[in-house]
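One structure is given here, and the rest of the page talks about it.
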Amino acid sequence: MRYRASLLIYLKEGVLDIQGRTILRSLHDLGYGEVQDVRVGKYLRITLEAADESAARRQAEAMCSDLLVNDLIEEYSLVVEEEGK
Amino acid sequence: MNYRTLGLRDKEYDAIVEGLGREPNETELHLFSVMWSEHCSYKSTRRLLRLFPKEGKSVVQGPGENAGIVDVGDGWGAAFKVESHNHPSAVEPYQGAATGVGGIIRDILAMGARPTASMDGLFFGREGARSTRRLSDGIIRGVGDYGNCVGVPTVGGKTAYDPSYDENPLVNAFCLGLVRLDRVIKSSTAAPGQVAVLIGSPTGRDGIGGAAFASVELADETKSSRPQVQIGDPFAEKLLVECCLELVELGVVVSMQDMGAGGITSSASEVAAKSGVSVVIELDRVPLREEGMAPWEIALSESQERMLLIVQKKDIELVESVAAKWGLNCASIGATTPGDRFVLKYKGNVVTDVPASLLGGECPEISWPSLSPEDLNARQSFGAEQIKPSKGWEDAVVSLLSHPNWADKSWIYEQYDHMVQINTIVGPGSPVTLLRIKPNGRFLALVMESDPWKCHLDPFSGGAETVAKGLRALVVCGAVPLGMTDCLNFPSPEKPDQFWELEEAVRGMATACREMACPVVSGNVSLYNETSKSKILPTPLVCIVGLVDSLEDFLPSGRWKEGDRLFLVGSPGGSLAGSAYQCVFSGKPRGVPIPFDAQKEKAFLERAAKTAKGRVAESGRPLVGGGLALALAKEAIESGIGARVNLDAEAKPLSLLFGEGGPRAIYAVPPDKAAAFCRIWQGFPVNRIGKVGGSELSVDGFLKIPLEKLIQAWRRP
Amino acid sequence: MKVAVVVFPGSNCDADVAHAVEVTVGASVEMVWHASEFLPAGTDLVILPGGFSYGDYLRCGAMAARSSIMKDVKRFASSGGLVLGICNGFQILTEAKMLRGAFLPNRTLSFICRPCALRVERDDTPFTLRYKAGQVVRFPIAHHEGLYYLDKDELDAMEKRRQVVFRYATPAGEVTDEANPNGALNNIAGMVNEGGNVLGLIPHPERASEPVLGSVDGALMWQSISEWIKGGGAH
Amino acid sequence: MRYRASLLIYLKEGVLDIQGRTILRSLHDLGYGEVQDVRVGKYLRITLEAADESAARRQAEAMCSDLLVNDLIEEYSLVVEEEGK
């Protein structure tokens, strides 16, 4: 079966997000004064084959800890769905 | 399919039918429309380009190849070229600039050379405008990110702001590579029975029709029909460079082409036409990234980071293994056979079968009518700005120094890795860049110049002045000029006054090149830089490469020392026409620039060369934008020391301090060498104008500015 | 001295650093492809060079840290061998967890290339014998992600163990915020592991190793290493 | 009221995803042969004040077209929720 893992990777609370702060400033300059905060992260969409959903999730989690996420500075959230759903 | 909607003219269509002996099919029509576009065929300018001198004793490869090559000694050559990426950068600044850098690197690679240094010529709209900021941010990041990642240092460039570039910024990318002269790769060396191999990224719909797109004005409707944006992948480019150079080193590359405008069609038909062979390409074998691509789309895709190699059958496996090592796709997509055909096959059918020479080289030339502009007199008549600056001379110097055109550019070039490959001896920030040539212990000197304002006022003398500025800078620093490359950025040639400007500028450049013995070895033309609202100033840009045998012969700038005598060589005054002063204080170039005087230029170059060689000066700087005043200010800033200057009051102070044009330079000379210096400059105007020392720049009777204040103005917060 | 320079896809200072160790201390250099399993026998020093391994995609150094050769580099280091990671090489060392910490984008959010003053904090490592603690040197920097980060507690502990070897400083040697080009915590430009045999360094000593390049401050590093190896420091 | 706009920005279909291709190869090298495709995008979490949810969404959409999204090569999807929910 084919699954789609949607992975959001963001900086841990407490790690300075300079990019987010810069975008916030630009938005303010453009007149969007109502914006309070911006945080920037990465979005990965991974298509993979797996026996079932829980296997797909396990595989995706393994990839996160093996390569995709640096747990010193980053956290992630993961949604796994069957493809086409 | 109507040929007119593809941009072909009636006469061109007739020529195609005649050349083929039949009507072209749809695929062929697409190919012709791209290959016969202005961008690929140079149909409007071929006649003009013939004016450039192409021969010189250092020229190894003149125009016509992917890049020109000059001999830099001991069996080594420098391959170089400049190219525009204006239209793509106007639409998508980051990717446009990035892929411009990537493209020129592959041109150099195609000669078998290792890309060693890049420069970027950037022309932006009025400073401070939001659209200018958006475009310039994107363009500068694009140039930097690509060059930094691929590991080719960006060692210099040119940046100018003018409202004429508001809608149509210019991005000119220069690259130079070193090549062993016995390893130069050419397009003309393929023979029947060889294999065409495509190496690099898979092919998608990127940039299809890009060449045609670059061959018309940026009208709103072309913006909507714009090609799919090309995305640059500098990492893939780095792998491609290393892979191809490894193959060159192994001696298995018969011929090699980058995939620029026109993609596979352009590169394969060029090899065929130049080598006198037929090429048969099987489009099914091209590794694709997208589904459902039509044969003509595969044939014309401008997907980046790909090279076409012609290799011997027996070497195929070796080529594949090297590509695999670098993680690159490698596909044998065709073969060479005897004849002059360019054949495309798709799913077993022949979809194109045309004479290779017709496709690549026989687009009829166009000779556009040429008429001198009606407002030329108005442009050349002086205005009210010819008066003493209202807020005083000090303010004038500070205003010019802090104007984005003449201020410090380190905020740009510090975003570029200008040191990787550890050859950069004098980097960006100086009038010339100096690189060492590791293999032979000599040095290359590089300059990039352009002067759109003077070209606007008098394209002939503006064009000549542009070339002369580059040559003066090289010779003042002690380099022997070897060759030049140029990029002709102009608006549409279809308007007679605009064509006249183009023609005159080229005549001026060619005259200067011929008189000053500087051959043109490569170049590029970018026309149609205009929109319904505005058009660019005529902007020919030149890059000149010179050789310095040893550091002993190199005369730096910005090296004033306490007690040095300051000399001004050349006529005391210049012209304000098209000067920095005018630009800042009236916003409009006006008047007649100093005409080109070959005898004077030669007399200057001869003495400047002796000055560097004889080491009779500590520091030298030719006068450019901002004239004497800015040259003094920049020398003082870079040297970290002031000077007291006393000018002959006979000349008009404005043209004396801020006039531009013609061969002029300032030198700092140690007292014990002053006599020798004057001996060298005998027979040429030379004036002692002051002495180095102190912490302010003072010009008696005019100004007195603390060094600190100059630095502050120039650095701009 | 035998130097192994590891070449990753996208490395671009590999030839530079090889050139620098050859011309300054006459080292014999072998370029080692990342896919190799083993370092050459007799290697004295492993250099992970600067550049953009894997295009800096995902995270700088992340993919390179997982390449095949890194297993042997780790084994080499744990047996006391000298490993030097420069710029991207430092990022690879942190991603490989051979050094603690992580890198964030420069606080200017732009790439920065220029010479930079550094204060030498330690002259008792194999890499810095020829320097004097407190000395100011000038090495060029060229990076986009040089903001060294580690959480507060660990950072304090690391400082206590004196693992910081180079800090961004003023030409007079003061460690100030203005002298910090990228926002690195505690102005950290270079640090060693607890064993002192693995050095990560953001600035580029190979760009300051020849008189013609305007500075020879970097040559002292190659001389230090060479002296240490000659002195029998090798494992 | 305070809202949180979660913005996923990804490359349009057909636009070359230079990072995705490299990450995919790296995952394969690490033994994750089951992965078919990786696409990389950006994730922005914007906290803003707005009168109600639909106003918050409108504001976020305006920011996208003004600054955050390059519609030549990128597309986005947007989820707006009241903060704390």
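A, B, C and D are the chain letters, set down in written order, and residue numbers restart from 1 in every chain.
Here is the rule we use: contacts are C-beta pairs under 8 Å (C-beta built on N, C-alpha and C of every residue); 3 or more make two chains touch, one makes a residue touch a chain.
For clarity, every value in this text was computed on a predicted model and none was experimentally measured.
Undergrad: Which pair wins on C-beta contacts, A-C or B-C?
TA: The greater number of contacts lies at B-C.
Undergrad: For chain A versus chain B, what separation do you get between their C-alpha means, in angstrom?
TA: The answer is 42 Å.
Undergrad: Can you give the whole-Å distance between the Cα centres of chain A and chain C?
TA: It comes to 30 Å between the two C-alpha centres.
Undergrad: Using mean CA coordinates as chain centres, what's the chain B-chain C distance in Å?
TA: Taking the average C-alpha coordinate of chain B and of chain C, the gap between them is 36 Å.
Undergrad: Distance from the CA centroid of chain A to that of chain D, rounded to the nearest Å?
TA: Chain A and chain D have C-alpha centres separated by 9 Å.
Undergrad: If I count partner chains per residue in chain C, which residues reach a count of at least 2?
TA: Chain C, residues with two or more chain partners: 54-55, 57-58, 63, 66.
Undergrad: Spell out, as numbers or ranges, the residues of chain D touching 2 or more other chains.
TA: 18, 22-23, 26, 30, 40
Undergrad: Do you know which chain B residues sit against two or more other chains?
TA: Counting only residues that touch two or more other chains, chain B contributes 233, 235-236, 327.
Undergrad: Which chains touch, pair by pair?
TA: The set of touching chain pairs is A-C, A-D, B-C, B-D, C-D.
Undergrad: Mind pulling up the chain D residues that touch chain C in the complex?
TA: Per the stated touch rule, the residues are 18-19, 22-23, 26, 29-30, 40.
Undergrad: Would you mind writing out the residues of chain B in touch with chain C in their complex?
TA: For this pair, the touching residues of chain B are 141, 144-145, 148-151, 233-236, 238-239, 325-327, 410, 413-422, 424-425, 436, 438, 551.
Undergrad: Provide the residue numbers of chain D that touch chain A in the complex, in ascending order.
TA: 2, 8-10, 23, 26-27, 30, 32, 34-50, 59, 62-63, 66-68
Undergrad: Could you list, by residue number, the parts of chain C that touch chain B in their complex?
TA: My answer: residues 9-10, 12-13, 15-16, 19-20, 33, 50-52, 54-57, 110-114, 140, 142, 144, 204, 206-207, 210, 212-214.
Undergrad: Contact residues on chain D for chain B in the complex?
TA: Answer in residue numbers: 14-16, 18, 22, 25, 70, 72-73.
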